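Here chain A shows up in two complexes: once beside chain B, once beside chain C.
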Partner chain A sequence: MKGEKKFLAGLAAVAEAAKLADVDVISSFPIRPYTGLMVDLSQKVANGELDAEFIHADGEHAQLSICHGASAAGARTMTGSSGVGVTYAFETYSPISGGRCPVQMVIANRTLDPPGDFGSEHSDVLCARDQGWIMGWAETPQEAFDNTLIYYRLGEDPRVSLPQFNCQDGYFVSHIPGEVVIPEKSLVDEFLPPYKPAKPLDPQKPYGHGPQIYSDQGPILQLQRAILMDKAKEIIPEVLDSFNKIFGRKYPSYIEDYNPNDADVCLFINGAHSQTARYAIANLKKQGVNLALCKLRFVRPWTTDEIAEVLSHYKVVGVVETNNSFGISREAGVFTPEVAATLYNLPEKKRPILISFMAGLGGEAIRLDDFYFMAKKLTDIADRKKIKKPVYWIGFEEE
Partner chain B sequence: MSDNTVTLEPISSLVEAPLEEQYVPGHRTCAGCGPALAYRLIAKAAGENTIFIGPTGCMYVANTSYLCVPWTVPWIHAQITNGAGIASGIEAAYQAMIRKGKYKGRFPNIIVMGGDGGTTDIGLQALSGAMYRNHDILVISYDNESYANTGIQVSPMTPYGGATSFTPPGAKIPEANKLWPKDITAMIYYGHPMVKYVAQASIGYPVDLMNKVRKALNKKGATFIHVHTACPKGWRFEASRTIEMAKLAIQTGMWINYEIDEGKKKVDHMPREMKPVDEYMKAQGRFNHLQAKHIQKIQNFVNSKVAEARPVAARTV
Partner chain C sequence: MKNELEKEEKLKMSKPKISEKKQLPEGGIVDCPKTEQEKMTTGGWRILRSVIDEEKCTKCRVCWISCPDAAINIDEKGNMKTNLKYCKGCGICATVCPVGAIKRVPELDFDEVIVYRELPY
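Let's turn to the complex of A and B:
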C-alpha cells in the first residue's frame, strides 16, 4: 500500500481519515477514552487543515442531535463517544437511522457504570445494536483508519443511507499507537464520492422529514428499514472490493477466517483482543495445539449465511464475549444467542458445538494464558464431543 | 457567519402582510387552536427561504398525519428533547456547505417551533446549548401553558392555580398547581451573553408577532421568541374566544409583550388601566376551583410583574 507511514493510536488514525474525508460538521463532548479523537480534530480545525464546523455540544444527546440536523441538511458529519455517553444519546439513534442520515459515530468502548471504570467493554454500543445503525470493530489503528472511509462510503451509498458506529476498543486500540499508512488524498477522493443526500433539508426542494403515521402504515415502513440492512449486506463486498483495489488491501467482506494451522476448533471474536489471539495461535502451534480465529468485521448487518458457512467448517466454536447482557439466554453475552441462531438451521453434521467465554469484562486485558485456557477447553470438547459447561468466566474457573 | 442572507422588511399592517402562506390547510388541530394560528403568522413572516424544526408536541402530532405535512417549506421532526440541537446542526451544515461551495443558495431562516415543554422543560438543555453557542437560528416557544397534546399535563409554564390532568384540585390541594411559571425569556436573554434579541409576543397582536419574527431572523446569531398561544381545550373556554382570551391575558397582565433588542428593552401593548386577573380566571374552566385567596396571590404576582415592566412600556393600549 502506497502512502505516508505514521505511528498513530486508533483515535488519531480516525482523525486523519476524517480530514481526508473532508468532514463538514463535527460535534464533541468530553468522555474518556474517545475524547482523544476530538482533541485531534479540534486541533486540525484550529490549524486550518480541516475546514469544518466544530461544535461543542451540551452532552452526547446534543452531539447526536447536531449531527442529525447537519446530515439531514446535506453535510458529512462525525461525532463519537464512550460508555455511558453512548447510552445517554440513546433516544436519538432510531430517529437518525429512520431519517436515513448517514452520521458516523466513533466509539472507543468503555464499561458502563457502575462502578466507574475506564476500561474497554463492548456493552456500551452493543446496547444500540437494534437501532438500525451499521456497526463493526477495528482491530488495529490501521483498520480504524480504513473503517472510517469504508463506513462513510457504505453508509452514504444512496441504496443504504444509514448511520454507522465505527467502533474500536478503548485504550487497546484507541490509545496504543501502531503503524498507519495514510494514503494520498486523490485515492480517498476516488474511493469516497461527496455526500449527496437524495432529499436534503433545502428550501429549494422542500420535503417534510419524519411526519406522524397511523399504525396501518407501520408495517411497510418497518419492512423498508429492514430491507436497508439487507441492502447494506449486499453492497458490503462491492465497497470492500473497491477499497482493496484502490488502497491495495485484502479485507474480507464480512468475516475473517484466520486458520493458518488447519485447526478444527475456533474462537469467534470481534475487536482488539483478536490481536492477542493471533499471538496465542502462533504460540499454541509450537505446543502442537491448533486453534483458529473467526473475526467479525460487521456486527450490523449480521451476515448470517456467510458466518454460518465459515463456522460450519469447525467442530467446536468458542464465542469470546467482551460484553454483558444480564439474564440473556445461555447466560453469556449478546453474541452467543446470535451465533446459535445463525447455526441452528445447518444440517446436524455441519453444525459445530458452541460454548462461550466471558472475557475482558470491565476492560481487563485478555492475556495469552487466557487464550491457552480457551484453546484447551475447545480441543477437549472436540476430542470428547461433549460439553461440560456452556459458559466459562475467564479468571474464575478452576480447571 | 454567512452573509448570504435576505433582509426581511417590517410589516406595517395585516393587509400589508404577505399573501403567500407557508403553513397551509390540511392539518387537524383543534378548533380555535392558538399555536396553529401562531404557526401560520410566523411562517408567513419568515417566507419561503425557511426550514422549520418541529419537536414533538401539538404542532407535530396535530399537524402531521398519514405521512402528510402542512408546510410548503422543508420541515423536520425533532424529539421533544432536541429541537434546538437539530437546528444547531442544520445551521452548522449550511455555514460549512456555503463556505466550502457545497451549497449554492441563500442561507435559510432556521426556526424551531417548540412547545412550552419542548423549550422550557425537557428541551431546555438543547435550547440553552444552542443559545450559548450562538447558532444563527430562531427558537420559538409556542406556549399553551401545558403538555396539551398528551391530554393537558402540567408544564413549567402552567400558571399557579391552573388545573391539569396531573394537577387536579382536591381537598388536600385545593389550588391544583402550586408552582409559579419559569421566566424563560429572561433566562435566555440574561443567561446567554451572545443572544442579541429575545421577545414575548401574542397571537392577539399578529402584526407585532410577525415583526418580531422578522426582527429576530434579521439578526445574525441565536434569537428567541416566547409566544403566548391560548388553548381552548387545555384552558377550557369556547373555541370562538381564542383571540379574546389572548387579549384578556395582556389586559390583565397575565401576559406581557416585550422585546429586548441588543440591550434595549421595550414593553408593548401594556394597558394604562389593568383589568383584575379575576376576569381572566373566571373566563377559563382550568381556574374554576380557585378560592378568593388563591386569586389574590395571582393578583399580587401579576402586580409585581407589571410594576417591573411599566417603566419601559413603549406602547399602551
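Let's turn to the complex of A and C:
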C-alpha cells in the first residue's frame, strides 16, 4: 500500500480518515476514551486542515440529533461516544436508521456503569445492535482508518443509506499507536464519491420525515428496513473489492478465516483481542497445538449463510465474549446465541460443538495464557467429542 | 465440502418482496405538500375545539406558525382556518394568540362529526 506512514493510535487514525473523507459536520461531547477523536478533529478544524462545521453538543442525545438533521440535509457527518454516552443517545438510533441518514458514529468501547470503569468492553454498543445500524470492529489503528472509509462508502450507497457504528476497543486500539499508512487524497476520492442523498431537506423542495402512520402501514416500513440490511450484505463484497483494488489491501468481506495450521478447532472472536490470539496461535503451533481464528468483520448485518459456511469446517467453535448479557440464553454474552442460531442452519452432521469463553470483561486484557487455556479446552472437547461446561469464565476456572 | 453442504439442503436466508400495490415511500419520507394521511386522522383525539373569531383576528399568523401539527391553514382571503381532521386540540394556538381571538369550546357542544373512522373490529 502506497502512502505516507504515520505512527497513530486508533482514534487519531479515524481523524485522519475523516479529513481525507472531507467530513462536513462533526458533533462532539466528551467521554473517554472517545475524547481522543474529538481532540484530533477539533485541532484539524482549527488549523484549517479540515473544512467542517464542528458543533459541541450539550450531551450525546443532542450530538446524535445534530447529526440526524445535518445528514438529512445532505451533509457527511461524524460523531462518536463511549460507554454510558452510547446508551444516553439510544432514543435517536432508530429514527436515524429509519430515516435513511448515513451518520457515522465512532465508538471507542467502554464498560457501562457501575462502577466507573474506563476499560474496554463491547456491551455498550452491542445494546444497540437491533437498531438498524451497520456495525463492525477494527483490530488495529490501520483497520480503524480503513473502516472509516469503507463504512462511509457502504452506508452512503443509495441502495443502502444506513448509519454506521465504526467500533474499536477503547485503549487497546483507540490509544495504543500502530503503523498507519495514509493514502493519497486522489485515491480516497476515487473510492469515496461525495455524498448525494436521494431526498435532501431543502426549503425549495420540502420533504416530511417520520410522519405518523396507522398500524397497518407498520409492517411494510419494517420489512423495508429488514430488506435494507440484506442489501448492505449484498453490497459489502463489492465495496471491499473496490477498496482492496484501490488501496492494495486484502480484507475479506464478512468474516476472516485465519487458519494457518489447518486446525479443526477455532476461536470466534471480534475486535482487538484477535491480535493477541494471532500471537497465541503462532506460539501454540510450536507446542504442537493447532488453533484457528474466525474474526467477524461485520456484526450487523450478521451474514448467517457465510458464517455458517466458514464454521462448518471446524469441529469445535469457542466464542470469545468481550461483553456481558445478563440472563441471556446460554448464559454467556451476545454472540453465543447468535452463533448457535447460525449453526442451526447447518445440517446436523456439519454442526460444530459450541462453547463460550467470558474474557476481557471490564477492560481486562486477555493474556496469552488465557488463550492457551481456551485452546486446551477446545482441543480436549475435539478429542472427547463431549462438553463438560458450555461457558468458561476466564480467570475463575480451575484447571 | 461446499457441494456436500448443498446436497444436504442447507437453510438459506431470504425475505419476501413488497408488491408495488402495497409499497410505501422508502423510510416513510414523503413530499411535504402531501402530508394529509387519510389513515392517521388525529382529529378524534380532540376534547376542546379551537374556534377562531374572525372579527377579532388580526391575521398576524402567530397561531399558524405555532401549531405543532400544521393544522392551521390560511385560506384565499387570508383568514386562519383550523383543519379539524388533524387538530388534536392541544390549545397552543389559543395560548399564543395576542388578541384572544381563539376560544376553546368542548367538542360535544358541536352537532356535526368531523372525524369518523370505521373500527376494524
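Here is the rule we use: the second predicted complex is superposed on the first by the 399 of 399 C-alpha atoms of A that agree within 3 Å, B and C clash if a C-alpha of one lies under 4 Å from a C-alpha of the other, contacts with A are read in each partner's own complex, and residues count from 1 in each chain.
Quick note on the criterion: contacts are C-beta pairs under 8 Å (C-beta built on N, C-alpha and C of every residue); 3 or more make two chains touch, one makes a residue touch a chain.
Keep in mind it's a predicted model, so treat the numbers as computed, not measured.
Superposition model on chain A: chain B and chain C are shown in a clashing arrangement. By the touch criterion defined above, A:313 lies against chain C but remains apart from chain B after alignment on the C-alpha atoms of chain A. By the touch criterion defined above, A:206 reaches both chain B and chain C.
More residues of chain A lie in touch with B than with the remaining chain of the pair chain B and chain C. In the superposed model, A:73 makes contact with chain B only, not with chain C. After overlaying the two complexes on the shared chain, residue contacts for A:305 are found with chain C alone; chain B is out of touch. In the superposed model, A:27 makes contact with chain B only, not with chain C. In the superposition on chain A, A:214 makes contact with both chain B and chain C.
After overlaying the two complexes on the shared chain, residue contacts for A:52 are found with chain B alone; chain C is out of touch. Across the options 189-197, 243-251 or 261-269, chain B meets chain C in a clash only at 243-251, per the superposition defined above.
Chain A residues 99, 206-214, 217 lie at the interface with chain B in one structure and with chain C in the other. Those residues of chain B that touch chain A in the complex are listed here as 48-51, 53, 60-61, 64-69, 71-79, 81-82, 85-97, 99-100, 102-103, 105, 108, 125-126, 128-129, 132-133. On chain A, the positions that touch chain B within their shared complex are 22, 24-25, 27, 51-53, 55-59, 61-62, 65-75, 77, 91-92, 95, 99, 194, 201-214, 217.
Residue ranges of chain C in contact with chain A, taken from their complex: 1-2, 5, 8-13, 15-16, 18, 22-24, 26-33, 35, 37, 39-40, 42. Of all residues in chain A, those touching chain C in their complex are 98-100, 161, 198-199, 206-214, 216-217, 220-221, 223-224, 226-227, 230, 304-305, 308-309, 312-313, 345-347, 349-350.
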